[in-house]
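Just below is one structure, and these are the notes that go with it.
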Amino acid sequence: MTTILKLQNLRKAFGAVTVADDQSYEVRRGEALGVLGPNGAGKTSMFNLITGTLKPNSGRIEFAGKDITGWSAARRSHAGIARSFQVPQPFSGMTVFENAMIAATQSAGLNGQKAEDLCIRVLDQTELIAKANVPAGSLTLLERKRLELTRALCTEPELLLLDEIAGGLTEAECQSLINTIKEIHSSGTTIIWIEHVVHALLSVVDRLIVVDFGKLIADGKPKPIMNSPQVKEIYLGIEADA
Amino acid sequence: MNSQTYAVSRSSRAARVSAIIGTLVLIILVAAPWWAGRADMRLMGELFLYLALASLWNLMAGYAGLVSVGQQAFVGFGGYMLFALTMFAGLHPITAIAAAGLLGALISVPVAVLIFRLRGAYFAIGTWVIAEVFRLGFAQVSALGGGSGSSLPVAIVKSLASKRAMRESISYWLALSAAVLVVASVYFFLRSRKGLALTAIRDNETAADSLGIDIWRTKFVVYVVTSAFTAMIGALIFLQKLRISPDAAFSVNDWTAFVIFIVVIGGIGTIEGPIIGTFVFFLLRETLADLGTVYLIVLGVVAILVMLKAPKGLWGLFRARFDVQIFPLGYRVSKRDPS
Amino acid sequence: MPDPILKISGLNAHYGDFQALFGVDMQVDAGEVLAIIGANGAGKTTLMRSITGLLTNGPDQIMHKGTDIGRLRADEVALRGIAMVPEGRQLFPSLSVKENLMIGAQVLRPGPWNLKAVYQLFPILEERKDQQSTSLSGGQQQMVAIGRALMSNPELILFDEISLGLAPVIIRDIYRALPGIIGNGMSAIIVEQDISKALSVSSRVYCLQEGRVSLEDRSDTVAREDISRAYFGIE
Amino acid sequence: ATPTLKVGHVSPRTGPLAGFAEADDFVLKGIEAALSSGLENNGKSWNIEIISKDSQSNPNRAAEVAADLLLGEEVDIIVAASTPDTVNPVADQAEINEVPCITTDCPWQPYFFGRNGVPGEGFASTYHFFWGLEDVIGAFLDMWGQSGVAKSVGGLFPNDADGNAWGDAELGLPKPLAAAGYNLVDPGRYQPLSDDFSNYIAAFKDAGCEIVTGNMIPPDFATFWAQAAQQGFNPKIVTIGKALLFPSVIESLGDRGDGLSSEVWWSPNHPFASSLTGASANELAMGYTADSGRPWTQPIGFKHALFEVVADVIKRAEDLEDPEAITAAIAGTSLNTIVGPVDWSNGPINNITKTPLVAGQWQKGDNGFELQIVANSNAPEIPVSSDLKLLG
Amino acid sequence: MDWLNAIVQGTLLGGLYALFAAGLSLIFGVMRLVNIAHGDLIVLAAYLGLTVTTATGIHPLLAIVVVVPVMAAIGYVLQRGLLNQTLGDDLLPPLLVTFGLSVIIQNALLEGYTADPQKLAAGNLETASFAFGGLTLGVLPVLTFSFAIAVIWGLQWIFYCTALGRAFRAVSDNQDIAQLMGLNRRHIFGLAMALALAVTAIAGILLGIRTSFDPSGGGGRLIFGFEAVIIGGLGNLWGTLAGGVILGVAQTVGAKIDPGWQILSGHIAFLLILAVRPNGLFPRISA
């Protein structure tokens, strides 16, 4: 398997707060990578760096063999990187369908019928089809999160970054979300997923990284990582009950 | 369940009906020289020019989120270019109008580079300052009359057509085609892929950016094209006014405040809004303008009332009641009949 | 018997034409902790917004200690001692962490909560007190939101999705702190997705389903089957 | 039935120039009374209808309402008054629509050259009567010459139609002043509504100017005049066009208004009478004061004279149905009006004729400020009413 | 010396611009309200001053004690009765409503006071001056500048050091949540506008003493106020003062080169600064 994403000595600080501290790691094509870490560890910032909404102070990001460090967010999106926002960012004046169409026409570069078909298919998959004609501004928080996922999928991404999309779901809803993500993954899309709902995360990913104070403190198979005392201490608290 | 079971449509019955009515109205309007009086034609010409200005401003503010209070910069610039090109370069007025548009696009490039660094209210005020710089700058050009201004030589006006009636018809048709051209361009642009991108930017820049929309370039293109059109309209306006001076050419009230008023009254962010707003504005003006201060006070009160009571404008009020779109831009997803 | 802290009867709520709550009845007595559970979109946030006055309601639908508060503005409700930790934190970005907390004290109610007490509860906030609140992580922001609500020394505190987006260790700490927070006779309503957590801290539980109360019971005795029935509306 | 002849009238009723048109209602009332029984033309009686429109002090609006009058009301004659901002757009519209047009109350240079007029050719349908810069210069030099102050003059000219004309190197003040031995210190054209004149004041002080002249709008003059005192610049004569026209401006300056001087185009002391009503200048001015309770202003006479000329033209035109005949009648005017003789055959340039101009000074009298005529060499028929007093 | 004089006079002029701008800066910072009618409100204050001085014969500076509370009351009523309803994420409603307000105020003043230019008679204060290091400084400009410093110091203190200032900022961030904290946003905004118009009252009186004014005189100076606010940076009132001074100096120095460039060079200085620092020189809040 080839490397799709490569971070090299990535560093970003806001004043005294370091959100990325010399991060280096690689993600292979087709992998599903989970990201854990306490609040404020720098997980969302890591996504911002990868998608180009934040510029690193130093270091290098490679995507599909190309150095994309200086690229704009828009260009990275064209190249195949998609994300969902932790705080949903819908186009509130437009309908759900139009939100999806933007991803399909602008990022994936599809036209007419093709774009429409893709949007319908994805909306169906994310169970938002019934709300297709509703203005995105009137969605509930959870529906907005689904819209985030929908839009990301409509860009036909190679690399999909998901930021906390399982929070607030009921058991059944969570299960159906997991199934959706598994489906996306099995179609060949590489996934990086930040999630505090650990059991959901573990049922999908085949590798975990743990971030604390912007530093990578663990990287490997989920099981051993979850059992490592360090993770138990800083993330789950000493006696894990999740 | 997939695209077989769902259908996406972009038109409506109302739109098809109004397309037919619109074509008929257009034919009648083109024939105005044969049925309308001179004063009516002049008034309609002025109305069309305001309609064009309003549609352009609406494209910028209502769709691209560029709230400019400095469009008079380009109106005045176009007017001055008409004067300069006809008087000094000897161009035919119609050629000069086209050239004014081109020059308007050119000059808007450095302006855009500068003021696109600003957002929101800062952008609005920045555009105003730019317009002031244009005004004060043209006031320094003594060849064009400096602060005193200049009149368009009669010979140039007559080069449009030697007969007065023909001249008046040409002026009228120019104004009509400007309005039709602008409204049609705005409509087809907004239905295009780029148009969708524009609306997305207005709603949420962070998301637009991460979905592959080059925000700066999209806005830049809209700004430059709008400026070019606005400059052309400006040239047309001052071909009618015959006289230009910095204060008249770069009047914030005449070319921007009234235009904003029109768009907001009609309904911002819709294509229909500026059309309705223009009619309302002219109705008010024609009936009340002789009242002087009272007219202006009424105008102020109407602006405030509409903004408070119907922030989406008259067209918004109408749409809230009847779900009609004459210029459909959006998409409707519907379940296909199983049959 | 004194009037209950909060008595809701026949509460309806609308967003434009859309009705989000249908005749909700609910009661909170002094010192009681209530849990509200329910699927997404069931109307939990809408209920919170109605109680706090962000949505206006009909007459006599929400009574606070015997007074109708359904038509008061949110700030008037706040002055009466009802505070909320809103869904999604919603801090004031142009205020520092400390100033965000101070704003909570705006209603000038006496009580045990002050800056020192909040810093004791969440020591990280003292370290970050002069930082802009937007520069905090989600979890830290949630702490500020809780601290801010406490600063008003409320009689009744509402938590909307208290653990949404928080790391387990923070959730655990917050739940550990909860009895201490609401121990001094404060009443609370907690909206929570995690049913077992909700039941563990509350005395009574309500379940909302599509804008209606589908279950009301004591937290320690409620049967799991009843909950799942109330939750999904299926037998 | 009696045919009706329509006269369109454009003036700045509202906006910053409204002072010029403040007496419009009064003047029009008088004119309409005088014309109520119609006018005789070629043995036929005509009703005269005057349609008045407000330019809102805005040149764009002036062009609009003029076009409205010409095309909509189809007026037979259009008239306009008060500053190039109103007069020029109206005249331009009339010219292109070939409707006879008479204007006044704007020096002829900004009218003629501001409209790209070509000497020797002039305009086809548009005629103007007022005075010119050469008259202002003459009147000012006349006044300053009597005073014996140093021949160093500070010039304050804005970058607007009047200021550019007054300061123009060829047509304006500079040449004749130099010829008369005056040293004109002219730092350049300032933009109207400037908030600071310290650079001018410094330059005037350095050059030892004892006279200040120029053409300003009232707020600019007020700013300059206060700053001059603050910065220790005390000229002996201050003669400013436009800003010092209206008594209200002088009142607003308080004691600092006493002794300021200005050109005088018309006053109650002018020895002229209306050809239409027979009223003397004094009667017209006092009539306004009685009617409105406000002091008389100079535009009153010219507004009245404008309609005197119109009435005269209507009486003489060979064919009132034919615009060209009306234009010919205008060109052939020879009429003694309340502002003096109006006769386009003896103008300085095509389509222009001039009325007399003298110089005056605001002097504090028993009833507040009064505009006294202090120099009249160029129009001796207008009597001097007081001597020039130096400032300070 | 002439150059020094130009700079000093420009600095003093900057004090007047800062006074125009301080009220704008405050309401822009608190409510994101772009008040197009601000210039007309300044002129309104000048007319109120005129009415007070002619009615009572007191000195215009003394009239401040009457005009300030009256303008503050007008501000509070205006905000609660009208402007509060226009606030939101959208820039346009307040823009249009205040534009309407501007037209109404101008024409109502025209009806009430006619187009005659007016001036506030301040006796010796108008002309008094003193020598300072070889320059002659007018007492009035120096007084204006001192007023500007005092006003800005006061506003800055209120904004960043008092509970009211905290409330201003909280409400400006998130109105709903601020309500939950017991802040009545309508009242808070009313107070902000009252404060802003109190400053406007001072600016109007000083303007009326400095030069003559008429009903249409407000708009022309509004833009200098906006420029000063933006140059200084949002939410920083000292920055607003600096912005005013930069504008004033740019104008007088520009005029020294060519009088036609006086106003133009102020605008150009503004654009140059924005080209380098789009958020102004000293932003406290991100725009």
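Worth pointing out:
Per-chain numbering from 1; labels A, B, C, D and E assigned in written order.
By our rule, contacts are C-beta pairs under 8 Å (C-beta built on N, C-alpha and C of every residue); 3 or more make two chains touch, one makes a residue touch a chain.
What you see is a predicted model, and the numbers here were worked out from it, not measured in a lab.
Within the contact network of the assembly, the step distance from chain B to chain E comes to 1. Both chain C and chain D are touched by E.
Two chain pairs, B-D and D-E, are compared here, and D-E has more C-beta pairs in contact (counted per touch definition above). Of all chains, the one whose mean C-alpha position sits at the greatest distance from that of chain E is A. Rounded to a whole number, the gap between the C-alpha centres of chain D and chain E is 36 angstrom.
Taking the mean of the C-alpha atoms as each chain's centre, chain A and chain B sit 42 Å apart. Centroids built from CA atoms put chain C at 50 Å from chain B.
Separation between the centroids of chain A and chain C, computed from CA atoms only, is 30 Å. Chain B has residues 136, 139-140, 293, 296 in contact with two or more other chains. Residue positions 14, 159, 189, 191 of chain D each touch two or more of the other chains. Shown for chain A are the residues in touch with two or more other chains, of which there are none. Inter-chain contacts, as defined above, occur between A-B, A-C, B-D, B-E, C-E, D-E. In the complex of the two chains, the chain A residues touching chain C come out as 14, 17, 37-41, 44, 86-87, 138, 140-143, 164, 167-170, 172-173, 196, 198, 234-237, 240-242.
The touching residues of chain C, when paired with chain E in their complex, are 52-54, 73-76, 78-79, 83-84, 86, 90, 92-95, 99-100, 102-104, 106-107, 148, 152.
Taken together, the chain A residues at the contact with chain B in this complex read 51-53, 72-75, 77-78, 82-83, 85, 89-95, 97-98, 101-103, 105-109, 111, 116-117, 120-121, 124, 129, 132-133, 151, 155. Listed in rising order, the residues of chain D touching chain B in the complex are 13-14, 53-54, 56, 58-61, 63-65, 67-68, 71-74, 84-85, 88-89, 92-93, 95-98, 110, 114-116, 124, 158-165, 189, 191-192. Remark: chain E residues 163, 166-167, 169-170, 172-174, 176-185, 235, 285 touch chain C in the complex.
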